[in-house]
Structures are given as C-alpha cells and as structure tokens.
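Alright, structures below, take your time with them.
After this come two complexes, each holding chain A, first together with chain B and then together with chain C.
Let's look at the complex of A and B:
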C-alpha cells in the first residue's frame, strides 16, 4: 500500500466520528415516524388532519400578540418567523453564554419573555408555551438536526449520554437498553423506537394533546419506576441535548403525530 | 378556537367531494377526577353543523367518548359555487365557527 493510500485511509478514519459501543450509526438512524402504522402516518402527513397544526396556528397568533409590560410581541424583534426562525429548533437545546449552560427552546422562549417582553414565564406544558414552541419548531420542518455541534455544549452532551446509559428505577433499566439495543421489537403491543426526538413538541394520541420532549422523558422514567426529574432540571436538559445530538442529520418533523 | 378545514377549492358540478374538519377542543368527559377526588366537570362539543349556501347538509351530535380535538369528515355533492359554513356548539356556551368557499364549474 502506498503512502497516499495510508494517508487517505487515515483521513477517512479521522473524518468519521467515532461511535461508542451500543450507538446507532448515522445511516441506521430512523425517526419514530418509520415505526408507525399507515393511519398515524397519514394523520401526520396531512396538515389539515394533523392536530398538532391547531397548536401551530395558536402559536402563530401568539407570535404577533404584544405581551408583558414592555408591550412587545415576538414579531417586533424577530420579524417574520418563516425566515428568522427557520432552522433554529434544529440546533436546540443551545448553549447560552450568559447562563453558561444549554437551554431548551421552551426555556429560550421564557428567557425572551423575561428579558425582552418583561412578561411572566409561561408554565411548562401550558398551552401557550407548547403553541409558541410548536410554531417556532414548525419553521424548521425538514431541516437537519445539528444540536450539540457547539464545542461549549460538549460536556453537557456527555452528561446527557451518561444519563442515557445509566440504569435507574425499580425496573433497573437505562434508556439505552430499549432504544439502542432493542428497537424494532415490541414492548407489550407497542413498537420500541430508537427514541429520536425529531418532531417535538408532538401530538400524542394517548395524551390527546401536544407535549414536550421533557414530558415524554418523564413518562419513560415513570415507566421504569424511577423518580422523574423536574421540568427544566439540568438533567432533563442534558438528556434532551444528548438525544438531539444523537439524532444528528435527521430532518425535523414538528408537529409530529405519535400513537 | 383554531380550526382546520379542508374543502376542495374547485370542483365540477355533480362531483362528490370530501370535506374534512378538525377543531381545537379539550373534550373533557366529565368522568375524570382530580388527585384530590373532585370531579372534573364535563366540557365537550355537543353539536356540529355544516351549511352549504345556507342549507344544512350535515349535522353530528358529539358525546363524551369522542377524543379531544374532534376530526370529522363527510361527503357532499358539489352543486353550485358558494360557501360552506361550519359551527361547533358545546358545554358552557361554547360556540365556534369557520367557513370555506368553493368554485363549481
């Protein structure tokens, strides 16, 4: 083998990100969409039958509604969301320099409300917060996920990965035991997915409403009989960040529909 | 409340067309309790009507077993250009309307 071949091989090896044990290679990553039945897929695909779009419509009106004592609307600073918010959700949770930690899209909306609108924060899972984050994330539909690429976010991605690999609860299961090792199999009647968070906030038929990734994570934690972390806790944000970085390259689907 | 309506913008006279409607509503059954045991009062849509140029072409009564954000689809014959008007009526004086127009050639 020539020197050039050796260099080319070494370069190829260096360019491919090292996969850790149990991780799903990029070309095998699949959205939860591919695990669903045809009826639920059809529901997501048609914007007039996707109930998540009702929340996007609500978010659209909130975007231009003045709020807080500063009497400002989101649109007064950010303008037309179709251009200003395109691709934003695909890189969240994102590192915030002032706080020196990553923040989720929900937290960013509330930070914006506190600093620029001088408005009270919207509670987690409230209709208005879900509607606004669905509207913002909808602008990224089809955009490839890049969250976690920021070097400053790396320690938090690692923290999230540790949590993902850590067994917990009375059933003593880690996220990885189902979502890396056993996807495509079934848990009772339901398919086990890879847990790729491509469509949040998403409409879950079981919930009969839109819900955040944190809500989904908390219900998985209750499922393994563990004490779920609080909404907005550093652990949930780190997990969310790791999951998004794990879904790197998959297109955003917000608002997705899931059973 | 927000509603999503799907009516074909154009149709030929005599065509059978599908109309699809989706509206925001929690559809609280009235059978659930809070953690401290209080009954959550019923709050549902009880009636839906669709009028085609003023004439009622479809009506449905809704009940507690229907999921949140009710989706209804039905068919009609495209007779003339005009307007479809939709109305949802429910508990606690709930009322919501929407409309869509169609061109029949």
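Let's look at the complex of A and C:
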C-alpha cells in the first residue's frame, strides 16, 4: 500500500466516528417508512392523499405573505423556495455563529421573523410554524441528510448521542434500548422503528395532525415516564442533531405519514 | 402579624403534607436471599386473579414487552420472553426478586425494576419517588405468574 493510500485510509477512518455498541451501521439504516404497511405507504406516496400536503400548501402562502413591522415576506429575502430552500432542511439543526450553538429549522424561522421581519415568534406546534417548516423541508424531499457534518456542530452531536444512550424516567429506558437494540420488534403489538428523523414535520394518524420531531421525542420521553425536555431546549436540539447525523445519507421525506 | 401567622400555619401544613407524602412513598423493606426474595412484601399472599388483570393492564407495562397465554388480547409485545410456563421455570421467590429489581439478574436488562424509587434519571413529575408498582400489586402478579405452568 502506498503512503498516500495509507493516509487516505487513515483519514477516512478518522472521519467516520466509531460506532458504540448497538449503534446501527450506516448501510443498515432504514426510515420509518420501511416499517409501515402498504396503506400508510400509499398515503404518503400520493400527494393528493397525503394530509401533510395541506400544511405544505399553507406554508407556501405564508412564504409570500408580508409579516411583522418590517412588512417583509420570507420570499422578499429568499425568493423562490424551490431553489433557495432546496437541501436546507437536510442540514438542520445547523450551527449558528451568532448564538454559538445549533438551531433547529423552527428556531431559524423564528430568528428570521425576529431579525428580518420584526414579527413575534410563532409558538411551537402552532399551525403556522408547522406549515412553514413543512413547506421549507418539503423543498428537500429526496435530498440526502448531511446535518452534523459541520465541525462546529460536533460537540452538540456528542451531547445528543449521550442523551440517546442515557436511561431515564421511571421505566429507566434509553432511546437506544428501543431504537438501536429492538427495532423490528413490537411494543404491545406496534412495530418499533429505528427512530429515524427523515420525515418531519410529519402527519401522524394517531395525532390526526402534523407534528414536529420535538413533539415525537417528547412523547417517547413521557412514554418512559421521564420529564420531557421543553420545546427548543438545548437538550432537545442536541438530540435532534444527533438523530439527523445518525440518519446521514437517508433521503428527506417531508411531509411523511406515520401510523 | 396576622398575615404572617397565616403564612406560618400554611407553611407548617405544607411541610406536614410533605412529610406524610414522603412516608407514603417509602418502600417496604425486603431481604434478598440467594436469587430471590422469600417473604411476601406485604406479609400476605397475593391474589392471582387480580394479578392476571394487572399483567394485562397496559399501565402496568408487562405486555408492552411480553406475550403470554392471553388469547383475549392482540396487543402483546415481543421484546421479552413469553410468560407461558414462567411458574415452571421460576419459584415465587425468584419471580418476586425479578419484579422488584430485574437488573440484579442482568445489569443490562431492559426490564424495569418495578419496586425501586432511587437511582433514576429525570423521572416525570407525576412519578417521582414512587415505585412503578405497589408491594400489593407485586404480590398479586407473583401469585399469578406462579400459576403459569404448562
């Protein structure tokens, strides 16, 4: 082996973080889509039957609507979302230099509202915030996830990974216990997936509405009878970032449908 | 003056309430002998009929992970061994310790410790200081599992 080969191989090795016991190797990662039955898949695949598309359409009109005392619409700064927003959601949560920490797409939308539109923040899980983030993330449908690649994000990815491995709550279970070690099995008859974040915000039939990834994480936390972290808390952002880096290479599906 | 008196009474009442809550949450002490707990946690035998109903109740969480001889429900888990025949495989004493603290058998187990209220992280507000099951519930479930013989 030439020196150059050896260096290249070493560099490759260093670039891929070593997997902890139980972590899913990249080529075995599967979206929640692959765990669903044919009916739910068909609902997601056909835009005319996918209920999440109604939110995307709402988001599209909010994109061009002037808002806040600056009287500006998202489109006034970003133009046509089909080109300007393509691939953006696949990189989020992304490191924000001014704040020196990663921010989620929801937080980015509210930062734009505060600084560029002089508008009040949209509450978490409100219809308008879900619609805007669904519209923006929809522009990345099919784009491979790369969030967490930014070297500045690494400490936060590591924090998220620690939280994923941490047992918590009265039932004393960690995310990894279900989503790394027991996917493909069933909890009270319902399939457990790998917990991949590829489709958010997504339409969950159980919720009968669109919901954010944070809503999903909070319900897993309540499920193990843990105190769920607040929306937008550094812990939820770090978990979200870890989940996205764990899904590296999987295509975005927003708006997905889940049972 | 009158106001601070009322405050004082309220404070005392509040701290009394706190003390009695803390007492209510104290766990019955038990003695581990070998790989089991020989004596009933309540001092009395459990009720197997109530135990069966408890195992089937979703809030008890057993059948989230386990399946068993329960033809009436489709919603059974497959993260853990089928409970059929558990009474052949284990004595009541072993079953009791398994429910109280399964991590003693296998430190990595996903099976929760049902009678424990410490060393837990970020327990939800409604659950802090409480074991998942009461001593009486554990005894009922032990009595039921002991009847599972094939």
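Here is the rule we use: the second predicted complex is superposed on the first by the 242 of 259 C-alpha atoms of A that agree within 3 Å, B and C clash if a C-alpha of one lies under 4 Å from a C-alpha of the other, contacts with A are read in each partner's own complex, and residues count from 1 in each chain.
Rule of thumb we're sticking to: a residue touches a chain if its C-beta (ideal position, glycine included) is under 8 Å from a C-beta of that chain, and two chains touch if they have at least 3 such contacts.
What you see is a predicted model, and the numbers here were worked out from it, not measured in a lab.
Applying the stated clash criterion after superposition on chain A shows that chain B and chain C can sit side by side.
Legend: residue contacts after superposition of the two complexes on their common chain; A:152 is shown touching neither chain B nor chain C.
Using the contact criterion defined above for the overlaid structures, shared-chain residue A:115 touches neither chain B nor chain C, since it reaches no partner.
Applying the stated contact rule after C-alpha superposition, one finds that A:64 touches neither chain B nor chain C.
In the superposition on chain A, the chain among chain B and chain C reaching more residues of chain A is C.
In the superposition on chain A, A:34 contacts neither chain B nor chain C. Shared-chain residue A:166: touches chain C; no touch with chain B. Closest approach of chain B to chain C, taken over C-alpha atoms in the A-based superposition, is 15 Å. Once both structures are placed on chain A, no chain A residue is touched by chain B and, in the other complex, by chain C. Listed in rising order, the residues of chain B touching chain A in the complex are 2-6, 20, 22-24, 26-27, 67-69, 71. Chain A meets chain C in the complex at residues 166-173, 177, 181-182, 185-190, 192, 221-222, 225-228.
Within the complex, the chain A residues that touch chain B are 46-49, 51, 53-55, 57-58, 205, 208-209.
Chain contact summary for the complex, chain C toward chain A: residues 58, 61, 63-65, 74-79, 110, 112-113, 120-127, 130, 132.
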